[in-house]
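We just call them A, B, C and D in the order they show up, numbering each chain from 1.
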Amino acid sequence: MLQTAEPESKNKTKTPPHPKYLEAFRVMLQTRIFEDKLGALYRGGMIVGGVYLGRGQEAVSTACGLSLRKGDIFAPLIRDQAGRAAFGEPLLDPARTYLGSKMGPMRGRDGNIHRGRPQSGQLAMISHLGAMIPVVVGTLMAKRWRGEKDFVGMATIGEGGMQTGASHEGINIAAVEKVPFVLVATNNRFAYSTPNDRQFGCVDLIDRAAAYGYDGHTVDGTDLTACLEVIGNAVERARAGGAPQMVVANVLRLAGHGEHDDASYVPPEMRGESYARDSVKVAEELILEQELMTADEIRQLREEIAAEVNDAINTAQTDPSPRASEDDWRAMAQIDLVDQLS
Amino acid sequence: MSITYLEAIREAQARLLREDDRVYIYGQDIAGKFGGAFKATKGLPEQFPGRVLNSPISEDAMVGTAIGAAIEGMRPIVEMQFADFSSIALNQILNNAGTMFYRTQIPCPITVRLPSGGTKGSGPFHSQSMEGLYAHYPGLVVVTPATVEDAYSMLIEAVAIDDPVIYCEHKYLYYHLKAEALPQENLPIGKARVVRPGRDLSIVTYSAMVHEALAVANEFSADGFEIEVVDLRSVKPLDTATVLASVARTGRLLCVGEAFPWGGVTAEVIARVTAEGFHLLDAAPQRVNAKDTPIPYHPNLWSEHRPNKASIAAKARQILSE
Amino acid sequence: MSITYLEAIREAQARLLREDDRVYIYGQDIAGKFGGAFKATKGLPEQFPGRVLNSPISEDAMVGTAIGAAIEGMRPIVEMQFADFSSIALNQILNNAGTMFYRTQIPCPITVRLPSGGTKGSGPFHSQSMEGLYAHYPGLVVVTPATVEDAYSMLIEAVAIDDPVIYCEHKYLYYHLKAEALPQENLPIGKARVVRPGRDLSIVTYSAMVHEALAVANEFSADGFEIEVVDLRSVKPLDTATVLASVARTGRLLCVGEAFPWGGVTAEVIARVTAEGFHLLDAAPQRVNAKDTPIPYHPNLWSEHRPNKASIAAKARQILSE
Amino acid sequence: MLQTAEPESKNKTKTPPHPKYLEAFRVMLQTRIFEDKLGALYRGGMIVGGVYLGRGQEAVSTACGLSLRKGDIFAPLIRDQAGRAAFGEPLLDPARTYLGSKMGPMRGRDGNIHRGRPQSGQLAMISHLGAMIPVVVGTLMAKRWRGEKDFVGMATIGEGGMQTGASHEGINIAAVEKVPFVLVATNNRFAYSTPNDRQFGCVDLIDRAAAYGYDGHTVDGTDLTACLEVIGNAVERARAGGAPQMVVANVLRLAGHGEHDDASYVPPEMRGESYARDSVKVAEELILEQELMTADEIRQLREEIAAEVNDAINTAQTDPSPRASEDDWRAMAQIDLVDQLS
């Protein structure tokens, strides 16, 4: 449903700046509404564990998910609620995961952003940043061996995560294996509280593209059209058998690292920079300006989404919690290999 | 005045920075006003400009730089954001820091702080207890303070030690423990402590589990059993003598640890006690560890994954009934 | 025909590649005519084009890609050039492969081959025995074949297993062991084997140390002591039942391992035996491990660092005299 | 002595192409003669463990060592016999280490290329490639804190080692810490048996310089003058407070990975490439051509060096071996912290 929804409008006089623009806007709006709700639930003490939001990164992340299709591999990270949804994750998955339902994809065994459904191409990240990159590469090697065609794998990463050894090895090995891989790196100015100048020494992260033999692309992460175009284009180049692709998107994280964090380390003057714009607002303004939707239609859309979000949260809240007595406490797929510890 | 475990760590670092200009602190998000994911360095960057530094997300290099600085005479403290991320630095810790003195006769006095152990809702990658991995390899001191006083004095001592020290601080204790004042003196690293005397059973444990063991001991006291609780304090070197002396008094041994159940501290303690004090034992020595799965995120699961009062008490009862 | 331990590994891989098109091998210098630092894949790249691939010097990514391929249904074998370099891949192994099934219910059938253990002149970074690090964490199978037959059949089985397997092959055995033929069938992984029956003492060991233990057992036989030698074969899962049955026969236990002495396999075995079979023991169970220093390079030092016939015999004598 | 020797010659009519040219040539020649001897000893079964030679890399490595001075930090790697000697390591150190004397710097506890004297600025590498880079960075941070001036740290690495996560983290952190660091990466076409196309995806390794905010320099590693100039210049730029420096030298390894390896994986046609020239021979030819030394003088020099080499080997061979009973088996600097295992 998410993939097809496009509000009808009699007033729609212009064509959107990108064929997926309105579809993307819906995902962004849904993400914003859902994440606002998560934040509120967190402050209300209703969440198990932490909450990590993608505020400010909706355009980039949505473009990631919408540029992929079934059969592709997506390894989302911390700020990819939008990308996950765009790639097809039902809202119930994050709702259940955050609210500690035993019916979520991780069944209470893992939480928040660590959720995934590897069987559907959406990998379940481990926390160690960079570690998912080579995993994507491996899935693509396997697909190639199996003779699959026209597939792509994508991983997202932050500018901080780019400094891990795991990222380096993974980014390089994708180029060595010549797999159709796209890395979308979002420089949101901070890794937790650490600014760029304590994170890397290059002038711009895109200088890393040539270092690995990737095609490099930079994009204003607050501009949905640009994100859809640049990331979509990178995906299609990789799909067509080109070099691996690296996209660096520039934004400001418009939330704390997690909802426990007030982000007071962000210098106020940064808030005025163009990369600090709120991509959801920017998109909404463009939509109104170009008369792609009316204010009324947007309000209706918001209400529709809010209802969906509430449904998902309500379901998750009424789901049973996992119980220790019902868990099989088994880390092994093969039951005969479970170590019999006394 | 009342001081938490976390504050003791901060105070120890403040004192170290104040009294020894070879000391600096390196880690993710520890600088500026932010002062660390757990605020263990809060206020220190302002007080000691240029000596509390933010690092990139590069655990391996963080420890690598500390080793280099130590070669040149510094006394670096490295803060891992979570113990779990030290897996990325494990090679530098085991193979570089741990082998340095043996290979070159040059000491490698680094201290790596690992915010360790489980807390509610933290999941598989923010809850690990890694002391067993580090203690297995030669060349490292591995400490696991269980009290506010030890958190303070063992960190001061760790930095003074000429060898690499893995300092496992327990996140659950950060706010849960309070003391009236910081200690003037304390047992040295390498000495275990009998934290509760007893005559019927020795529970040998460390870090957060000391408090679970004490709670169980208090419960059992009502039933007339006096459980002795030994806090190992450092798991390497391991104070076998104090453990043996306790087992000599009680004749019964239960080892409790929060780490995974295969190998690790509890197996090592039992192997030592049975090798050297076999005839002191009146019953089979037993262990309680975490379960043999990743650490689950949901509190309902987590609270059963880690050892807890119920599972410790059950094992204690089993041993006492033999 | 006569087949070495190394050839058995090569033959197992040849058969796996031949019979299962989900299998491929990934590692440093294993492709082309070269066929690996130890020639464990020699000839295979030509026989199975495109399925034996050279990787960059990126152990972490090597295992990462294997995990990804396994998710997509492949059965990757990763060759580490030396076990020691798997420290770089440890995070992927422990935290990604080891947690995958528990977290997602998707199996992660990768096999990581670790050329392990000491050989003359190899030094601190080409001699390590890392089974204890991997077995400590949940989610992994850790095997340590001691014979040509086990090297073969356990590798075949490892690749068939739906869980990640750490396959510790001993470099010292590569050329030192020969068998007449490859086995048609064998004990499954998870079962230990009594390789020499006895009645006076059980030596429980694994990998290269099985042969040292056997040599000691033969020596003692001349003096009228019959030592039973148990080869664990897999250290996780660990076959406690077979060990207990042996101790039930002999009443005495010596655990021998080549790894570092703190924790690890020998401590785990003793902790299990004393927990479940305390009353079977007539004497204190003992261990012989390597020394608690990095593994020295010079053969004069190395031969005393690892357990050897003399140190095993001395401990055996001590136990038998109790 | 190594630092000053400059053969006198009445025929010397021209000035050398670089002030350190003849000094460097002596180091290269010594290295070649010493390493040939090591190879022979290895084949004679006289060496404990493996032998790893720097044949083909003498110019690069010598230039590394000669560009540094006392107080600098040098982290040599596998192929740096020449660089170690040029930085001041006496021949006895490698002789003793290779021959298993207990009087070498590692006293039998470690071997061959793993030797070092950290107290003199020459770090003792661990095997794990890339691991020494952040260690150099740390020494430089310490020197800066102590108020030292005009120092530089250098690490060498191969094109294979550049693909480790450790290298990445170390190279990046040097730029973040703005320390005077020089990385000399030698692309000798092979990492053990693995060629470049299975090692990295970028066009040229020097594309990595910009990725880390380094000044980048490429050099023909067979040309001693170029090596002295380029590496010397990079060192001086770092010393003067410039950005970290990355030099990529191109050569062919003219030996096996170790002496156990016949390098039959090297395609014969590669031997004809200009990067496959033998830098020692090239230097010798230039010296004769430019009449910096006569053939006779070079012969004399060879003999002089051969005598030094034989002396070192003889001493090492007559040294006592380490004995297990004399070792204190202690990994801890503090004796009170030795764990009392039974």
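Quick note on the criterion: a residue touches a chain if its C-beta (ideal position, glycine included) is under 8 Å from a C-beta of that chain, and two chains touch if they have at least 3 such contacts.
Since the model is a prediction, treat every value here as computed from it, not as a measurement.
Steps from subunit B to subunit D, minimised over paths through touching chains, total 1. A straight line joining the Cα centres of subunit B and subunit C is 30 Å long. Distance between subunit C and subunit D, defined via averaged C-alpha coordinates, is recorded as 36 Å. Centre-to-centre spacing of subunit A and subunit C amounts to 41 Å, using the average Cα coordinate of each chain. Shown for subunit C are the residues in touch with two or more other chains, namely 55-56, 58-61, 84, 87-88, 91, 95, 98-99, 102-103, 124-125, 138-139, 236, 238, 262, 275-276, 286-287, 291-294. In subunit A, the residues that touch at least two other chains are 106, 109-110, 114, 126-128, 163-166, 169, 172, 176, 198-200, 330-331, 338-339, 341-342.
Taken as a contact graph, with one node per protein chain and an edge wherever two chains touch, the assembly is complete, since every chain touches every other chain.
Within the complex formed with subunit A, the residues of subunit C that make contact are 24, 55-56, 58-74, 76, 91-92, 95-96, 98-104, 106-109, 138-139, 141, 161-163, 188-190, 236-238, 240-241, 272, 275-276. Within the complex formed with subunit D, the subunit C residues making contact are 28-29, 31-34, 37, 53-61, 81-82, 84-85, 87-88, 120-126, 261-262, 286-287, 291-294, 296-301, 303-305. Across the complex, subunit C is touched by residues 73, 105-106, 109-110, 114, 116-119, 123-124, 126-128, 131-143, 145-146, 165-166, 169-170, 172-173, 176-177, 330-334, 336-342 of subunit A.
Subunit A meets subunit B in the complex at residues 48-50, 100, 102, 106, 108-111, 114, 126-129, 160-161, 163-166, 191-194, 198-200, 264-265, 321-324, 327, 329-331, 338-339, 341-342.
Across the complex, subunit C is touched by residues 84, 87-88, 90-91, 94-95, 98-99, 102-103, 124-125, 132-133, 135-139, 236, 238, 259-260, 262-268, 270-271, 274-279, 281, 283-287, 291-294 of subunit B.
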